[in-house]
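What follows is chain A paired twice: with chain B in the first complex and chain C in the second.
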Partner chain A sequence: MSGLVAAVSGPGPVTGWRERLRPLRSLAAAARRGAFYLALPAALIILWQGLFELGLIRPILLPPPSTVARTFWTLTASGELPLHIAVSLLRVLEGFAIAAALGLILGIGIGLSRSLDQATDLTIQLIKPIPPIAWIPLAILWFGIGEAGKVYIIALGAFFPVLVNTIDGIRQTDHRYVELARILEVTRSRFIAQVVLPGALPSIMTGLRVGLMVAWICVVAAELIAASRGVGYLIMDARQLSQTDQVLVGMITIGAMGKLLDVLLKAAEHRLITWKTTYSGN
Partner chain B sequence: MTIAAARTDDLRIGPLSKTFSLPTGSVHALDSIRLDIPGGRFISIVGASGCGKSTLLRIIAGLETGYDGHVTLGDKPITGPGLDRGVVFQEHRLLPWLTVEANIAFGLKNLPPDEIARRVAEHLELVGLAGFAKAYPHQLSGGMAQRVAIARALVNQPQVLLLDEPFGALDAMTKIQMQQEVLRIWEVEKTTMILVTHDIDEAIFLGDEVVVMSSRPGTVKMVLPVELSRPRDRSSIDFIALRKRIHREFFTEAELPFAYEI
Partner chain C sequence: MSAFKIASWAVAAALGLASPALADEIRLATQPIPHYAPIFVAKQKKWLDEELAKVKPGIEVKWSSFAAGPPINESFAAGQQDFGFLGDTPALIGKSVGIDTKVVGLTSSGPKSLAVIIGAGSAIKDARELKGKKVAVTKGSYAQHLLALVLEKGGLGFSDIELVNLPNAEIAPAIISGTIDAGAVWEPVISRFEAQKEIRVLADGTGLKKGVLVIIATADFVKTKPEQTRALLKAYARAAAYIKANPKEAAELVSADTKLAPDLLAQVFAKFDYNPVIGPDDVEEIRRAEVYLRTIGILKTPVDVNSWLDRTLVAEGGAK
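Our next item is the complex of A and B:
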């Protein structure tokens, strides 16, 4: 992605043939990076197909990519897969929105107030390790098998990463900035708005990204157990009929959607946090 | 420019003592410090690291409390931070998510937006960064960032500017440039300047007086007036004589053993 941007916004005035070649060259560089990025998944798919062609894997246990692709196309064309995705996505967005709102509000409150932290810490620490999936029986009892129970599970799962990272981010406020604010007699509300929250933003964004990922995992878990639509249901339904190709379509869809959501949040993070220069690997 | 503080009161320190209690015992940081600093003077405080010179500055800033003695600005005792005293730290402490102008405006309050804009623009010009209002701190060099920090400290028009080793992290070239800048700003603003440094040259180049401190406990060993006209020539005989005198204050004890060996 960044390669394409570089290719588009690259050169200024064109002078010689070297200059004229530059956009082409940066386009080639972008293509190289893209190819490098896709190389490993492509190799895995080729290996998978190859093992099938050699007769080393039984298609009933693991259908080849060609079959999975065909099933993917059939399910997409019939509108079945898009419907399941839409249903799951809606559940995720509902649950995540609730989790993000509660996690941010409570996290900021706890982060700023030591007494609120003391009062809630043990409760949070005790509930946090319980996997959202363990709540499913209770959720079904409380909310039935409708939407509310699933949204509850999703919100619960996404809530804690948002909460914990928000508190962490606020607590990491540099004491040197606290001193600076004291010297300049900055008001508490301004201190929170201009020092604490912007400083906590990277950590908050991490919390949101992890929360969204957990929400996406939770929706599938919730749908595996009690649902009549959704990507999790698609997998469960196919398992009962031993349609492993459909199971794989469901699994790959989950992976792809998770990646897509993360890319979107990462882009939002990039727009929000322009000031940070961090290490991104060699 | 007419942005100088309306008046600059005298700063009276002393006798001032400060003891830190640590888990490992108590440290006697400052002992009976006594300094009278007339308004508008440029005072350099020089001492080895750990001599308590930064503690002294932090007490004047109001960041450090729980000391014995008095510090008064005019007739007002100092009990905490206040806008009549600005501070420039060794690190610029600019907020990385705010632009240069927002960083300078950070300490301004209860002012109409156009007044804020006017003051920020004035002080940006004062520190020679007029074109950088919209830049972010990570786009600035170390010297430029420190200029912004100076502008931020001056924008509230303090009577006293406290400089805590402000050029310690800069390279030698930038450092000399910044020293000249600070002198120029001081001549415009007429604020009282208190500079803490371990750089003897810097102390002489800038100060009307050089306060030499000794370590553990920190005491005032000597107050040396610098009666050289500005701009000062660092390689003039008088300058070098002063440097030698201050040098002797620090290194007599340390160099004595070598003297015996020779």
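Our next item is the complex of A and C:
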């Protein structure tokens, strides 16, 4: 072993300075990666503040980061923002759970059954393009101005990505596996459980991640229905009072929460899909 | 194409090229409610065009309609309007966030033109019984101030009720369908639904809030075109006097603009004082509203009401 180390790192003492510095070097590499990650957002914020200082943008049209940060702090310290986030998060999770359950069940059914696919295809294709906001009048009529209507809008938005990606994932099962299963006379249930579903898993996870994103996006639409709390409500309320800084706080919060949820889902994806499926750049 | 056609196209093009340079524009942001009836009378009777023509011929008036004050603020912020007709509350909010406006006159005042309403069959007898109830108002409107004052009289605050933010037009239907218990609204909602015996007034502005609404103009416009500003105020005052003298005819004239049937509108006119001159008690009302808004944190920066109001233009051009 020491001979190998010597051969690789050249002549010198066995526990050389290179080995001692290795942990430091990987830390530096991580820091460099982190800096690269943050460079663009930081540059945009600095540019934004700079334009304001030069008097090139009117604060009512786009308040500077300093004002937005101050409003963010005030809302967090008073407990308002955490409350609104919690309320919206609950609605999103409820809606997403319903959408995911229905999307998975229907998606797997349609993916596996040609007849179900043909029976439902036209209906789904007609309803899919209708944006969640367009459903608001009906949602109010059917569910009133309570929680149910808002969860309905969110579930509707998240449903289609889950459905479409689940169907796609099942369709993409490599036909060579199908042939192989037929030759080896694998039973249909084993084939589905051990080949089709695991093969569809990457697509299904993509569908779930997109669905969760759409669910967050729909929160603003859903909270147009006479809400009194929530991040979407916060944005609309600020709009009525011409408080553009609060609008921005709401928007940034939604972006941050969306990112957080995505990170969690990605971690779950890592656990479930232990084989490499994608290309991720050089 | 026949020679005749080519010739007519050529003439049309030549005429187009020979027309005078693009006319001056004056852009008005209005709301279709009885509070601003005089401007619609001035529009229908062409008095606005007349008065503007005396200053400079060829001024074009561009009309936009909005559902409430806050959208008017947005339009001003985007630089799209010269004059706006809105309540004291949204006007103050707009000024405080940096929209550079001046109040050049009042559109109207009328303590009975805004009210807290409840269902006709409701058991609520006074403001104290609003505790714990669902009460709706358009946030950022002058009705929110009235609601605060009415609640205060009953010893309550906004934390004692469940506040629901709804547009003015949706509040009465929501009360009738039972989704909410009460709401703070302004005309024509009050008269329209009272006539249908669906709602009744719990408390209006009498003794609490005069219900002052203002005509704002961009500070730039007032500075560079004071004559046109005076012309608009003159037309407004003329129309105000007309409404007072001929309520029935005026109601017929602007029923469509204010979205209220003529006979109801004629009655509603009695609730308003359309004189655009800003009196000292009006200044006091606006100042009181400014203090209230700052106290509840809606105004982040104070508004110097004295410098914001320009009382001179309307005194020279106004009715009195």
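One rule holds in what follows: the second predicted complex is superposed on the first by the 265 of 282 C-alpha atoms of A that agree within 3 Å, B and C clash if a C-alpha of one lies under 4 Å from a C-alpha of the other, contacts with A are read in each partner's own complex, and residues count from 1 in each chain.
One rule holds for everything that comes next: contacts are C-beta pairs under 8 Å (C-beta built on N, C-alpha and C of every residue); 3 or more make two chains touch, one makes a residue touch a chain.
The model shown is predicted, which means the values in this text are computed figures rather than measured ones.
Asker: Taking the superposition as given, does A:L62 touch the first partner, chain B, the second, chain C, both, or neither?
Answerer: neither
Asker: Scan A:W275 for contacts with chain B and chain C and give back first, second, both or neither.
Answerer: Touch status of A:W275: first partner only.
Asker: Between chain B and chain C, whom does A:R182 touch in the aligned arrangement: first, second, both, or neither?
Answerer: Once the two structures are laid over each other on A, A:R182 reaches chain B alone.
Asker: Looking at the overlay, does A:D237 come into contact with chain B only (first), chain C only (second), both, or neither?
Answerer: The second partner, chain C, only.
Asker: Of the residues on chain A, which ones does chain B touch that chain C also touches?
Answerer: none
Asker: Looking at the complex, which residues from chain A come into contact with chain B?
Answerer: 176-177, 179-180, 182-187, 190, 194-195, 198-199, 201, 273-277
Asker: For a test of understanding, state which residues of chain C touch chain A in their complex under the given definition.
Answerer: So the residues of chain C touching chain A come out as 70, 73-74, 77-78, 93-94, 97-99, 138-140, 162-166, 174, 179, 298, 300.
Asker: Which bits of chain B are touching chain A when the two form their complex?
Answerer: 61-63, 80-83, 85-87, 89, 91, 93, 95-98, 102, 106-107, 109, 136-138, 152, 156
Asker: Sort out for me which residues of chain A touch chain C in the complex.
Answerer: 58-61, 144-145, 226, 228, 233, 236-237, 239-244
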